[in-house]
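All chains are identified by letter, namely A, B, C, D, E and F, in their written order; residue positions are counted from 1 within each chain.
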Amino acid sequence: MYELGIVKRHITRADRSAAERLATLGVATVHEAMGRVGLMKPYMRPIYPGAQIAGTAVTVLLQPGDNWMLHVAAEQIRDGDIVVAACTADNEDGFFGDLLATSFRARGARGLVIDAGVRDVKVLTEMGFPVWSKAVSAKGTVKSTLGSVNIPLVCAGALVQPGDVIVADDDGVVVVPAALAAKTADAAAAREANEGDKRAKLAAGVLGLDMYKMREPLEKAGLKYID
Amino acid sequence: MYELGIVKRHITRADRSAAERLATLGVATVHEAMGRVGLMKPYMRPIYPGAQIAGTAVTVLLQPGDNWMLHVAAEQIRDGDIVVAACTADNEDGFFGDLLATSFRARGARGLVIDAGVRDVKVLTEMGFPVWSKAVSAKGTVKSTLGSVNIPLVCAGALVQPGDVIVADDDGVVVVPAALAAKTADAAAAREANEGDKRAKLAAGVLGLDMYKMREPLEKAGLKYID
Amino acid sequence: MYELGIVKRHITRADRSAAERLATLGVATVHEAMGRVGLMKPYMRPIYPGAQIAGTAVTVLLQPGDNWMLHVAAEQIRDGDIVVAACTADNEDGFFGDLLATSFRARGARGLVIDAGVRDVKVLTEMGFPVWSKAVSAKGTVKSTLGSVNIPLVCAGALVQPGDVIVADDDGVVVVPAALAAKTADAAAAREANEGDKRAKLAAGVLGLDMYKMREPLEKAGLKYID
Amino acid sequence: MYELGIVKRHITRADRSAAERLATLGVATVHEAMGRVGLMKPYMRPIYPGAQIAGTAVTVLLQPGDNWMLHVAAEQIRDGDIVVAACTADNEDGFFGDLLATSFRARGARGLVIDAGVRDVKVLTEMGFPVWSKAVSAKGTVKSTLGSVNIPLVCAGALVQPGDVIVADDDGVVVVPAALAAKTADAAAAREANEGDKRAKLAAGVLGLDMYKMREPLEKAGLKYID
Amino acid sequence: MYELGIVKRHITRADRSAAERLATLGVATVHEAMGRVGLMKPYMRPIYPGAQIAGTAVTVLLQPGDNWMLHVAAEQIRDGDIVVAACTADNEDGFFGDLLATSFRARGARGLVIDAGVRDVKVLTEMGFPVWSKAVSAKGTVKSTLGSVNIPLVCAGALVQPGDVIVADDDGVVVVPAALAAKTADAAAAREANEGDKRAKLAAGVLGLDMYKMREPLEKAGLKYID
Amino acid sequence: MYELGIVKRHITRADRSAAERLATLGVATVHEAMGRVGLMKPYMRPIYPGAQIAGTAVTVLLQPGDNWMLHVAAEQIRDGDIVVAACTADNEDGFFGDLLATSFRARGARGLVIDAGVRDVKVLTEMGFPVWSKAVSAKGTVKSTLGSVNIPLVCAGALVQPGDVIVADDDGVVVVPAALAAKTADAAAAREANEGDKRAKLAAGVLGLDMYKMREPLEKAGLKYID
């Protein structure tokens, strides 16, 4: 359950170097390395293609049509953080624009993940400030009802604890618990190392059917080839 | 209530110079300057990023699967207009393509806003003819049932009067009533002028909490900081 | 009705040269030439803009959250094919990524059309391997339940027979039955030839109202011009 | 464009007897009699089946997550009114429940039409207080930002002027401009009178093809019967 | 691919007695008996709860906003048929109401399955004429563009051949190919016979884990019980 | 992050008597008493109207198209539990039907909350076994991939811990953390007690404007009454 009206100032952030490694591996590989859990819903899309980042979560719970807590959150940002914002009700207003982006960047933020709308996307794109959101909307918001900062929250279907590692790229957004960051980076790197070899074989025309030894289980499952 | 089978030939267009100024200010700023009203729903998206235009509305009411009235509307276009098309029922067919765009441009249109589908988006992109739409669909339409041209209509949730200023960019589409165009341009420009200073402060690390003097109202609202 | 657990090895592919011609004509023109049938639903979108392809369909029926049959399908791909994948239930998991794309390309595939999700879209974009999908999702899939390969299936609302020509571009995806490929290419080419002249007239300011002789039928339908 | 922070106390309500007649005719017939315009989008659904009402509109513009203006609107309700509420942004919170319904009913309201969410639907059903809404949600709302009462607004895609007749039943909600209420009631009643005869013929097995003399136009349009 | 402007008069209907048996078994059981294929998408909902029918398909392809072909289809209905209607583009208009229902019933139809909207649902409910649809909408339709009757078509994602058995109840709609009707009825009945015994055991507290012997495969898959 | 392949046998259930009291208070009142947090998304709808229950959560994480873990969960049900099921990806298959309901009821379950589809809804309604779901679908599921039972999970946007109290009625579903159940029941009961008096006043025509003393804050916010 969410506690409202709270700002937690001291959070335990995941290991920085693990976050750096996860950034280079990308969402799909990290998600696989985690056993296919922790992914946000696929409606979360980047406002421009090509960004690939990782960082530690500063979480923000917003009220619909009200971005007050994003201003409160700015003060809690440390270098290498990603702000993760959810709303107590589905809402596509534009909670965030270029002024907040300027402030977030000055505080060290690497990007924003928000289960709501954003605006000024042309300027954000020119600034190279990456945002993953549910919508783009020019509609501004008021500043009158409290939410919270740095509480555990659900963003786009995924549970996020303050300090968790967030990895985001064109495939979406995945959450890596702080305690598992290093281990996940190792597993993802191992997976990745393994892929180069597979890719070369497949490019040479070897079939996955053979490379993954699927023919027998397929036959067992009853697959029939007909002409 | 819509009157069907009507083409209004003489409409009062908003002041041209106000429209020009609004184009440079963009949707989010104009929407704020209007007091946060007049915005179309955020499902209206540009077919390519980067276009930012303003112009006076020629309105078109379409029937589902029928683009006859777009041809009728072409004749009513004057230089600097934006065609705004709505449909009597939700429909995502491709009502508009490169031939109509060629005709609209020859008549002086700056773009199209349509609460339905468009097609030939690759060619429209190459032509640089901007369109904001609900969908992209190759499905063509018939020409057999009357709608109307230059009547007041509801497009993507916003009321549009013929002659109103339409401002459209990557953040969406906003409608400025003709009578308010100059005043809104003034207010938006004042807002914009004010933003440069704010941006500089935020970039230097000043917090919005301090710049906007939010600490006291937040405390009054009961915000608690914990460690 | 779908038969599950079947791979059909020999299918009759549409004439290669017809497919080549259809590729150059594009989806909207081909769809018109077919009498406005055969189009997939407009939620099928390219993962990057600008690709325009045609090829013969290798069809794949998938189970939700399970991409086993894509591996089976790889073996059935011949040069010039496009893989068309549907799922027995709505599902947006990422069934396809860069490894499968490497394999499909090595087998001669020109692209993928999938009524589900894909991942690794950044790499797929760099590879220039075009995909039309319903969603982008990093979520991986298991390999445990049988579907079928090269059976007739419904993809995004359109019926696809193995061997049919698939045409895909920024406007969407259209299916041309193998037996109609040559005839449709002729009709589409005739349509296209005709468009240059129309475009020139419209660009010169001639109205569609006059060029298409619409004034009389509009008057007959009761259209009234008012001032 | 919406003006915010306004309550209009004196509005011109449509003729009461016309509203009574429209109530008995139902939405589909009234909508036909209006020439198929004025209908709200089909996502507006009754919270329980079977209610069929008409009344004069008291309009309310709400802010997302904020139901303050519904309390303001209560004072403006006169006997025979229907409250029509829209929101400045898509929002499915539960803006209305049994306490407000008790108040609205005490003031003479016949029902509520709201392009947002409602709650306490079990009690509302027991009370027999009909509501047409976009969603059902238990989520409550704050009271802190101004909207307006009795301004023209767009509700679920339809333009509503204060005082217009609202007709609502299981088929949806239609808006009849006050000035057209009597005329529309006449036209709808004539339509209805005509239907009894048609129904009897169709029940006896006469085909619409013959009753509406469609065979010739179908043949002309090119319809082919094959065996 | 759809052929437009065609009415096929003679179709081969599935065996009547098989349809009768399938009606008593219900959609979920029939769908299982078919190997989990042939189901329409779950957005197809009954306009009132409790109806459970089966019948032979008369298919109708409609154009958006145009119900002309439903009138044409009426003549092709034989006793025991269910009309199955699809549209060439997504459209939620009210294509069907109580007059058409009166006509369809007089011709022997048992119900309607339509991938679009219907109206007069209160009267249809009183008549006990069951309809499964995508939407309810009072919006009427024109009669001006040809579709087809009794061609194979895709309805809500399922392929329907004229004469196939359609089974519909509160769980949705499933299509049984005519040639498989008897065999499917046998398989479904066998399944059903088997269920009474299972139900009794489960009601007595026997666990599915034991009844279906799942403990071993679960352990093999790696399931761990912790305290 | 979810751990897969786990069944937790011993969970701490919330106090039974608190759950009983919460059941009588209903979702909207409980949600208010919690400070407006803990609500599932409004797409979660009851399969039949009128049920109002509360119980302790047994949680189940499912894989798309696979209901194996519901069978595993049955064994963990104790009298007074409500099963809460989520899926690792959006999926509307029918994971649950009358056989599982028979088993769940025999184990003491009061109902099911599932962020996916269910089937056999007619029988479930006859049984009076209440279900809140995202969809109704006849599509069956396989039993081949592990999820987990009694882990913390996100269901329809809300975080659920095993043992939490779930309250569900026609307004939706709310989650009350086990530790707060008694306190929340007290607060909700106090709220409820207070409502009778308010209801009587409102029914007598007293305005909320006066009863809640809103006139001054509205004036302060700038509300203007015009004629």
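A few remarks follow.
One rule holds in what follows: a residue touches a chain if its C-beta (ideal position, glycine included) is under 8 Å from a C-beta of that chain, and two chains touch if they have at least 3 such contacts.
A quick note: this is a predicted structure, and the numbers were derived from the prediction, not measured.
Chains touching both chain C and chain D: A, B, E, F.
The minimum number of touch steps linking chain B to chain F comes to 2.
In this structure chain E contacts its sequence twin chain F using mostly different residue numbers, the overlap staying below half.
As a whole-number value, the distance joining the C-alpha centres of chain B and chain E reads 42 Å. Centre to centre, using the average C-alpha position, chain C and chain E are separated by 28 Å.
The mean-CA centres of chain D and chain F are about 31 angstrom from one another, to the nearest whole unit. Residue positions 36, 88, 90, 92, 137, 139, 144-145 of chain D each touch two or more of the other chains.
By the definition of touch given earlier, these chain pairs are in contact: A-B, A-C, A-D, A-F, B-C, B-D, B-E, C-E, C-F, D-E, D-F, E-F.
Here chain A touches chain F in the complex through residues 1-4, 34-38, 41, 88, 90, 152, 154, 157-159, 175-177, 180, going by the rule given at the top. Residue ranges of chain A in contact with chain D, taken from their complex: 63-66, 88-93, 137, 139, 142, 144-145.
Those residues of chain F lying in contact with chain E across their complex are 5-10, 48, 68, 71-72, 74-75, 92, 94, 97-100, 102-103, 105-107, 117, 119-122, 125, 135-140, 143-146.
The residues of chain C lying in touch with chain B in their complex are 26-28, 31-32, 36, 39, 42, 45, 49-50, 52, 169-172, 174, 195, 198-199, 202-205, 207-209, 212, 214, 218, 221-227.
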